[in-house]
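Per-chain residue numbering starts at 1, and chain names A, B, C, D and E are given in the order in which the chains are listed.
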Amino acid sequence: MTLVDRDFQGAAGDAGTKDLASVQDTAGAERPLIELRQVSKTFGTVKALQDLEVSIRPGELVTVVGPSGCGKSTLFNILAGLEEPDPGNILRLKGVSSAASDLLGKVSFMPQRDLLLPWRNVIDNAILALEIEGMPRAEARKLAMDMLPEFGLAGFEAQYPNQLSGGMRQRVALMRTFLFKRDLMLLDEPFGALDALTRTMMQRWLLDVWQKHKRTVLFITHDVDEAIFLGDRVLVMTARPGRIKLEQVVELPRPRKANIVTSLEFISLKKTLLEAIEEESMKSFQVAGH
Amino acid sequence: MSGTATLAANLPVVSTGRIGVVLRPVLWLLLALVVVEAVVVVFGIRTYYLPRPSVIASTIMATPGAYLAGLWRTFLETALGFVAGSMFGVVMAVVFHRWQTLRELFFPLFIVSQTIPVIAFGAVVVLWFGNTLFAKAVISFYISFLPVTVNTMLGFSAVDPRQVQLMRSFGASDAQILRRLYLPAALPQLFVALKLASSLALVGAIVGEWFGDTTGLGVLLLQAMYNENVAGIWATIVVSACLGMGLYGAVSYAERRIVFWGGEQ
Amino acid sequence: MSASVSSDSLRQFSRGIAGALLVAAVWELCARGLDLPAYVLPSVSSILAGLASDAGSLLAAARFTAAESFTGYAIGCLAGMTAAVLVTMIPSARSVVVPLATAINSVPVVAYSPLVLLWFGIGMASKIVMVAIAVSFTIFLSTIAGLDRVDRKSVDLIRSFGADRFTVLWRLRLPTALPLVIAGMRVSTVRSVIVAIVTEMLGAYGGLGWVIYQAVLQVDFVKVWAAIIVASAISLAFFGAISFVERRYVFWR
Amino acid sequence: QDLVNASLRLKWLTQAQFAGFYVALEKGYYKEEGINLTINPGGPNLLTENLVATGADTFGLSGGTDSVFAARDKGLPIVCIGVAHQVTPFVFVSHKDGAVQSVADFKGKTATTWFTGANHVLSAMLSKAGTSPSDVDIQPQQVSVTPFVDKQVDIVTATRYNELYVINERVGKDNLNLFVPEDSGVSFPRDTLIVSEQTATEKPELVTKFLRASVKGWKEAFANEAEAIDIIMKISPTLNRAQQEFMLKEVKTLMTAGKASTDGLFSIDKDAVGSANKLLAEYGVISKPVDLDAAFNASFIESIPAEERRL
Amino acid sequence: MTLVDRDFQGAAGDAGTKDLASVQDTAGAERPLIELRQVSKTFGTVKALQDLEVSIRPGELVTVVGPSGCGKSTLFNILAGLEEPDPGNILRLKGVSSAASDLLGKVSFMPQRDLLLPWRNVIDNAILALEIEGMPRAEARKLAMDMLPEFGLAGFEAQYPNQLSGGMRQRVALMRTFLFKRDLMLLDEPFGALDALTRTMMQRWLLDVWQKHKRTVLFITHDVDEAIFLGDRVLVMTARPGRIKLEQVVELPRPRKANIVTSLEFISLKKTLLEAIEEESMKSFQVAGH
């Protein structure tokens, strides 16, 4: 197993980003939107992240895979400004050095579970972030109403979360994240709780929406197919303490069709990634006596 | 998923703060008592409004036997009523769970029964059961069984139907399913009710003693009240508080031991 | 679906009524068949007759008791919730206040009643104070439990939207606590009426407890039972009202 | 030795007001008469008449003539077999330095009293003084006498053996005016011994034996007060001894007043009882005057010679 | 989309079952262990299953995929004897016509979630079925203790479910199912709640255990990779009302290695199945306005 060069700047430069939104963004094309260097995080005696280095350019969709407990959510919490990394780190947003807490309210974040508020209906859940920002409720609702059809939720605005299927709940949560318009979107296993078929549908739909809205996205998943299907780049993390083990540029053309998963390029990417992941998984997966 | 990592995270940690958790409130309480003592003395508050903590303590120490005897008697009544009420409550929950018709016919009346102030018909209980410890236990029983029934039923209804199906697929009988699934599954909810029921049973015993008795905390309370013996009232409150907290603590302890897996499934 | 739900609740309702009628019939039969005198157990019919003939005074007493319990209940709920919110906002107070409140809550309320009567007299004030004490600790503890139920992840999410502590409290913690708070409020309804009546029996200027006390001494057991029925009706109505509010506003569970 | 089981239900918790019965029990006087007696204390929501009528208790020391009349009026089959307090045990009290110096002064003032009979005594006293009861603000009296001590009310009701002690202690014996019902020509004997009609007809000798032992107990209690108080204090150690001593002295006065001074303890003064009967009927507490001879059976107590009952 | 011939008897005859346990079972090799014909199931107005035909030979591992709500769990409930199908069905166990209720206690069934009893430790959860059968506890425990290492649970016998990871919980549930020794084992999405990496591990492990214990298994899954990787045959069900849409024999050699998923045969099988599934998924997956 080889550790690739971790200079993403360079590596990303080679990536096939022909039809990416960021290309239109002439000024910031080469400057990373966000850059982490030497980021570690310790919880008591548990080292969750160690010397992590990540850098994401505007408009990219980067997927992250790694074994359970390797620190993916911790990374997201840092990027969302919810958790401060250990001292000695470098964290740059649009080239400006910042503390993690400065990021609070600056990235839009979708955690592992949908976390919809059961007492709010679809539309009011979607506008939660806008309301907290201080936007008048009526205005926020109007904005969200216009977005409903695109998220496959037209006609469902007055439903409450307990009346929705798992897939629909995820779409409401995604809509809430999209409505909170920020340069960087963090999606932590948004489809982890869905069954495989529903998940496939959601992936295709997400690609559509992403290409229309041109956001920079960091996307955590456990599913290698999903990571390849969606990503411009796939980052494989090591078992705890989490570092980047492998960075794989995905050169599959966009827009991607569903049947791309049986294409040869896809399969060969999958092979490479599976090998890297398998090694890490074995480290953390303990089958005693087996 | 790393088995060892999850294990470490979930293993019951022997809390070093445990003693602190008990000690801290006790220290605060002592401090509060000192402050009250000082306030009463400095501002010359009349005993009638608030006796000094030291006066309350010396009231108890003047006739410790009387308070101990009252405590013991009330404890017996409470314990008897509480145990009987809890058992009856669980049995009724099983009956109501098993026979929907019975539930629909009589469960509303169970609720209604609890809206009747027991003090209003305590005399009838004395009429029927005489001036015995048993009569007071009946009153305790009466006001403590319903929460147990309600929560046990709640616990039953929270049982996953798929779990029942699984048991049935093993060929389990209704009795086996009740014993091995429903009853243990209802334990967390049951204990929530038991904690409430223990306090209620104590109220029942004290009120029960207002229907003619020679010993007991309820008797001490009445006597102190009608003789305007404020220090005596306080002394009895303190002893009742100890009994109430003791019962609650005992049930909580049993809960921690028995429902070790926690309420969440 | 909705049709079957309503036919379900219709059956439940009619069965509930049937059960009540059954018990009333057995009671009536016992009272008449065994020729029980009123001072042992008055018949249902004589209680109903008593209810009708004493309607005026019972209604006045009911109003008195209802006023005491509602006022005490409202004060208790407000105090309990406010204290709970304050305690969650000041974490250092928690480790002292919550164990203390749990301890005090396990002390029987009736133990305080002599003291409260001595301090606040036998007017309404003492009943209101008793009810408020009884209710506030229950509400305090259930509110604390409710506020604690909030998921850390949800707090993180809403913080990531830039919410401050008060926004988290208002938009997340309080609504999350609502189901438990209302459940506590529902249980407290019956308790508040009973506490008011028990306190009245130890001394009052009016109210159902006072009527019962007087009626016992005047050997009027029909009146005692009529007053009990009125008390029960108030409790049930109060309980029903809060249950209705609960179903209405805690629709998501 | 064959002992007959029987119980005595008191009107209140154990205190010196009932010392004679406890002394008789302690000294074995009931056993000597062949009775295995249990003494059951009362409580605020218990009606002794009810428990005796249903047979739950054999004997009762009930509230007084008032409760006996009310019970008879409601058809409870009880009979009074002796009256303990020969005169009204309560008095009305005002502050010496206050505006109320005579019963006539009650007009326009605030009085508190118990609405279990004492209120009618007050009304009767007012009527005899030419004041309409509606001109006095009469309120239910609470457990505590503090409102009177604090002068929030002008007149308070007190039993001579209990509340009066507390008032004396807190206000000072010499700072009080006492208004005695008998001075206004109103009498209301209380603390009545009762049995069910069934017991009265089926076990007259049991009733007589009980009375004999009780009388013996009371005489012993009055003869040896310290020992009587010891017996009470042993049962209820939290009581205030001084208060109990006061109580026993006052009770002695009440029990040996009027007819009892000549005929002995537990005498039934038909005149006094009859006036109370009229009073209650007048105030509508009972629907019509009760048949006195059916309600009060003096034959049991009178079967014990007066000299044996006199102190 | 073609509907294949539903004569499983014939179709299964061609299947590559060289190293299957059933081969050794000389008597019952050709006679189906269980056979369903014309099985329908209606709940009120909902038709969950319609004229379903399934037949499973001893020793086979048959996987079932189908969109959510198509009636897979209903099928299992019938086979477990928990639910009676509509009248007019034919249900044969070892050639003997039976009512569904006759099957109660005759098949070992693992429902969709692990359904461990939180108040029983690992060993006592595993022996639950044996206890209900009436086996003395000590004997049952002994039996289970011997099985622990194989299920990767050695040393964990005294742990309680809340102390276990998701993968371990599933293994305890599987062990409970294995200990309840019956001719037919029904596994309803046993790995549905696990993350993709853990799931891969569990699949490999299950294949090992299955080959050692030689049980007949019917296995529901949402994951096409899983269906192919594990199964001798894959049954694709239609959207509600559920019927068999496609029956695909999987001729991949056994024992199967992890990297088989990137083999060409695997990919081509996946292509065929995905097409069939996609059609059905689209029927039940509603993305309004999309």
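Basically, a contact is a pair of C-beta atoms (placed from the backbone, for glycine too) under 8 Å apart; a residue touches a chain by one contact, two chains touch by 3 or more.
This one's a predicted model, so the numbers in the text were calculated from it and none came from an experiment.
Common neighbours of chain A and chain B, by the contact definition above: C, E.
Number of steps on the shortest path from chain D to chain E, with steps defined by chain touch: 2.
Taking the mean of the C-alpha atoms as each chain's centre, chain A and chain E sit 34 Å apart.
Rounded to whole angstrom, the centroid-to-centroid distance between chain B and chain E, based on C-alpha atoms, equals 49 Å. In terms of their C-alpha centroids, the spacing between chain A and chain D amounts to 87 Å.
Measuring from the averaged C-alpha position of chain B to that of chain C gives a distance of 18 Å. Shared interface positions of chain D, defined as residues touching 2 or more other chains, are 44-47, 50, 54, 143-144, 146. With touch defined as above, residues shared between interfaces to two or more other chains in chain E number as follows: 156, 167, 195, 198. For chain B, the set of residues that touch two or more other chains comprises 1-3, 5, 48, 119, 123, 127, 222, 224-225, 228.
Across the complex, chain C is touched by residues 77, 80-82, 104-105, 107-109, 111-113, 115, 117-119, 128-129, 131-133, 160-162, 180 of chain A. Interface residues of chain D, counted against chain C in their complex, comprise 44-47, 49-50, 53-54, 63, 67, 70-71, 73-76, 115-116, 139-140, 142-144, 146-147, 285. Chain C meets chain A in the complex at residues 151, 153-154, 156-163, 167, 171-172, 175, 178, 251-253.
Put simply, chain C touches chain D in their complex at residues 37-40, 114, 117-118, 121-122, 201-205, 210, 212-214, 216-221.
Chain C makes touch with chain B in their complex at residues 11-12, 15-16, 18-20, 22-23, 40-41, 95-96, 99-100, 102-112, 114-115, 117-119, 190, 193-194, 197-198, 201-202, 209, 212, 216, 224, 227-228, 231-232, 235-236, 239.
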